[in-house]
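Next up, some structures in structure tokens.
In the two complexes that follow, chain A is the common piece, with chain B as its partner first and chain C second.
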Partner chain A sequence: MKEGFRQAMAWLHTWAGLIFGWLLFAIFLTGTLSYFKGEITHWMQPEVPAHAVDDARSVAVAQRYLEQHAPTAARWFIGLPDSRDPGLSVMWQDKIDPGRRGNFIEKMLDPVSGEQLQARETMGGEFFYRFHFQLQMPHPWGRWLSTIAAMVMFVALITGIITHKKIFKDFFTFRPRKGQRSWLDGHNAVGVLVLPFHLMITYSSLVIFMTMVMPASIIASYDGDTRAFFNELFPATDNAPALGQPGKLLPLAPLVEQARAQWDGGHVGRLAVNNPGDVNASVNVSRAGSDRVVHDFGSTVSFNGNTGQLLRVSAEQSLPMAIGGSFYGLHMGHFAGPLLRWLYFICGLAGTAMIGTGLVIWLGKRQLKHAKTGVMPFELRLVEVLNLASMSGLLIAIAVFFWANRLLPATFAERSDWEVQSFFIAWGLTLLHAMLRRCRRAWIEQLGLGAVLFMAVPLLNALTTSEHLGVSLAKGDWAMAGFDLTCLGSGLFLAWAAWKMQHRSAVQPRAERARPLTLKGEVH
Partner chain B sequence: MKSKASLPLSYRLGVTSRLLAAVVGGYVLASLASVCLSFWLPLSRADAVVSGMLSSFVFYLLAVIWCFACRSAARAWFGVLVPCAILATLAGLAYWMGRP
Partner chain C sequence: MLLALLLCYAGFVALCLSLDRHHGELLHSKPSPRRRLGLRVGGWLLLALSIWPAVHMAGWSRGLVDWCAVLMLSGLLLVLLLPYRPRLALILAGVGLLASPVAAFATL
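On to the complex of A and B.
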């Protein structure tokens, strides 16, 4: 029975991993990139200058801009710059319409001059972040699909642990250059090495959208009134409606200072101003997520916008909320400093590698059976093509996204959309390429192309902007320099992988030939 | 796994049935568990709801594992539906006690 249980779990691990592996690979890789969301945006908008952060000045600048450009808006949002992302963002919403999402107008300002930044239009790192959980699908389907993928990942992880009986002994076993064996050892090693990360990241992704995917208890406890549930959880955001009489909004900067005093000098992440031109104006100052590990959704201080009267300070969160908040905070990693951020990035890459090696193993095992006949069944060919497009194809698409950012003219109308489109066009083309070419050739060609594209990114940056490595390193602009260097490193890695693949194709036939000979020897 | 062509139809139907039990039955089980916890946990209403949602995915996982570990598809359904019935009774009891 015990052996049967383990076999059943291995079966579940195999098939859950295969069916969702391609999607999970893309989710993991784009999510890993999202840890450097701000840095990627900085690279993709080289026009945004980095200034020393000064909250009071930024708030004053944003308020002046909004009072001139959106005096009648229903709500303003001000996102303050931080050391990782130097842009000051202001958003406003003319009418609050709960049925529609995202009817915001957003502008990036220079935090010193208050001028609207003439930066190239781009989604920057936000693209990877959004794709990571929305999958470029209409709301809410992408979120559902990514959460379903997270549940499958959870099942695959736990069944993988059950299957893998000698978890610690096998960890020290790595048999290089043994083909299928090496892949399995590698799969196990990256799986076990960062197992706590995998478990945390997977369970937390379920927790992040739990109110969407598991709403039964809200519906049952609040008689279907989900609004009441959220108001009870986050009382600070339950603001008074507009009265329709004009009011005069106070300067926001002193309110920010008052809010910081409430948090013992914690940092402000963003401000929301409700009904800015009304007597019932209210200002919600929210704490920056980078302040601590446990994310507090409701960590908000609310003021009356006309009198400056302190309306509400959100209470310390309860234990269940703190547990939920820790999952969220750990997943997002806002609190992580440079070193920890790199650790997050590496763990994310390890997770991506675990999924990738798993897909390779599935195919490799089954291909061996058909190696002699030379005829590949359709389903194996399908998996092969999808493996190619989902792994090396995605890498090429990411590189093309960066290339498009530098090559599309900065003044080109819908350039931001075209960046995204070039990402998907490139991805589609790699799928086509994978279908047309023989497997090993396709791997070598795609990995090689990816290598060239990534290695040339620093060069491209030097040719199209004045922020090349010589300048950025001398200035100490680590986000810019780090991006170039990481691309170079990724390119070198892909080149090595392509070279390995080429090399292996020369070795393999010899090994294949050797085996039948010995077998014959035994028979005769 | 052997090559798919050699697998009998009954086996495939069994796998489909287990899959349905795991995905649909497991979701219902997880939902009922979260409802039950939100009614019975001695916490404030919002906290109990959050705790129920937080832990629901573990119930889902256990249901999925059960559905593929047990000996037959019938047992898979049995093992999911019986806890569902118990949880539903407990939740109904709490609901009925809460509002006379």
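On to the complex of A and C.
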């Protein structure tokens, strides 16, 4: 009975992992890149220069700009720069239209000179972030699909733990250069060692979308009016309406300092100013998400904009909100400093590697049976093509996205859309290539192409902008330099992988024959 | 975070040595039952102890996150070093243990 249960779990692990593996690989890889969302955006908008962060100066600069360009706006928003993404963004809304969201005008400012920057249009790191849970699909569908994938991932993790017979005995085991055995060792090692991360990231993603996936309790308690639930959960800041008498807005920088004192020196993320030119102006200062592990969805301090009187400090979180917020905070990792952020990134890569190795194992195990005849059944060929396109193809597509950012002219209309288009076109082409070429050749060629594209990114950056490695390292612009260096490192890794593939294909037949017998009992 | 890393890594090496197979690979001998027990207890103690500097430095919420990250990383590092540079894996643990009082003195 016990063995039967484990076998059933192994079956579930195998097939759930296969069917959703390709999608999960893409979700994990793009999600991992999102940990450096700000840095990627910074690289993709080289026109925005990096400066030492100074909130008081940034706020003053933004206020001066907005007073000149949007004195009569109904609302201003100021997004402060941080060390990861140096852009100072100002937005305003001329008239508040409750029926419509949006109609904002957004500008990017230099936080020192206050001049408006002509930054190229791009989604930057936001593209990967959006893709990892919306999958470039129309509104609810992408979220649903990625949430289902997360659920399957959770199932695969649990069944994987049950299937893995010797978790403690094999805890430190990794035997390289042993073909299929090494893949399984690697799959188990990254799976088990980074298990806390896998469980956290998968479970928290389900928590983040819980109101979408399991709305039953909300529908029952609020008579089907989910909006009422959210209104109660996140009460709108009920700022006083404009009186129609012109007022004089105080300098915002001292208010920011006052707000920080309320948070024991916490950091400010953004400011919203309502009716800036009116007697009834109000200023809401929101706390940066990077301050605490437990994410607080609405930690704000409100002031009267004319008198500077403190109007309201948002209440402490309730316990359920704090629990939800801690899962959200852990998933997003906004609070992570550079070191912890890199560890998050490594954990994300480990998760991606776990999924990738799983897909390779599935195919490798079945290919062994057909190694002698040399004829592959259609379904194995299909898996092989999808493996190729979903793994090496995605890497190429990511590199092409970065290349498109530098090669499309900065003034080109809809260039931001075209960057995204080029990502998907490149991905589609790798699928075509995988179908046309023989398996091992296709791997070598795609990994090789990915290697060249990634390794050339620093060179491309040097040729097309004035922010090459020499400049960015000298300036201490670590976001920019780190991006170039990481691309270079990724390129070298892919080159190594391609070389390994090429090298192995030469000695393969002899090694392959000896293995199948010993493997049978061990692979689950 | 450094002290937590040193302790975690040393703890994992001790736990790894408490397994016959790895003891044989690394030290070319089979551990005596007493030694096996000592390594196991020592390893778990080091892992438990490593929570303390992490929490001490960054508070409970952030400290525990740091600790988990360091725990996973040190395990990955050890497993990656074992097949390729087994001697280095051991030397690192020794150096780490020796350096940890210095790290403790410098950071706490």
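Methods note: the second predicted complex is superposed on the first by the 423 of 524 C-alpha atoms of A that agree within 3 Å, B and C clash if a C-alpha of one lies under 4 Å from a C-alpha of the other, contacts with A are read in each partner's own complex, and residues count from 1 in each chain.
In this section, a residue touches a chain if its C-beta (ideal position, glycine included) is under 8 Å from a C-beta of that chain, and two chains touch if they have at least 3 such contacts.
Fair warning: this is a prediction, and the values are worked out from it, not measured in the lab.
When the shared chain is aligned, chain C comes close enough to touch A:Val293, but chain B does not.
Comparing chain B with chain C, more residues of chain A are touched by B.
Residue contacts after overlaying the shared chain place A:Met214 against chain B, while chain C stays out of touching range. Touch criterion met: A:Ala189 reaches chain C, while chain B stays clear of it. After overlaying the two complexes on the shared chain, residue contacts for A:Val61 are found with neither chain B nor chain C. Of the two partner chains placed by superposition, only chain C is touched by A:Phe335; chain B is not.
After overlaying the two complexes on the shared chain, residue contacts for A:Leu271 are found with neither chain B nor chain C. Taken together, the two complexes place no residue of chain A in contact with both chain B and chain C.
For chain C in complex with chain A, the residues that touch the partner chain are 1, 12, 15-16, 19, 21-22, 61-62, 65-66, 68-73, 75-76, 78-80, 82-84.
The part of chain B that touches chain A in the complex is made up of residues 1, 3-4, 30-32, 34-35, 37-39, 43-54, 56-57, 60-61, 64-65, 68-69, 91, 95. Residues of chain A that touch chain C in their complex: 169, 171-176, 189-190, 193-194, 196-197, 292-294, 326, 330, 335-336, 339-340, 343-344, 346-347, 350. Chain A makes touch with chain B in their complex at residues 5, 8-9, 11-12, 14, 151, 154-155, 158-159, 203, 206-207, 210-211, 214, 216-218, 220-222, 229, 232-233, 318-321, 323-324, 327, 369, 379.
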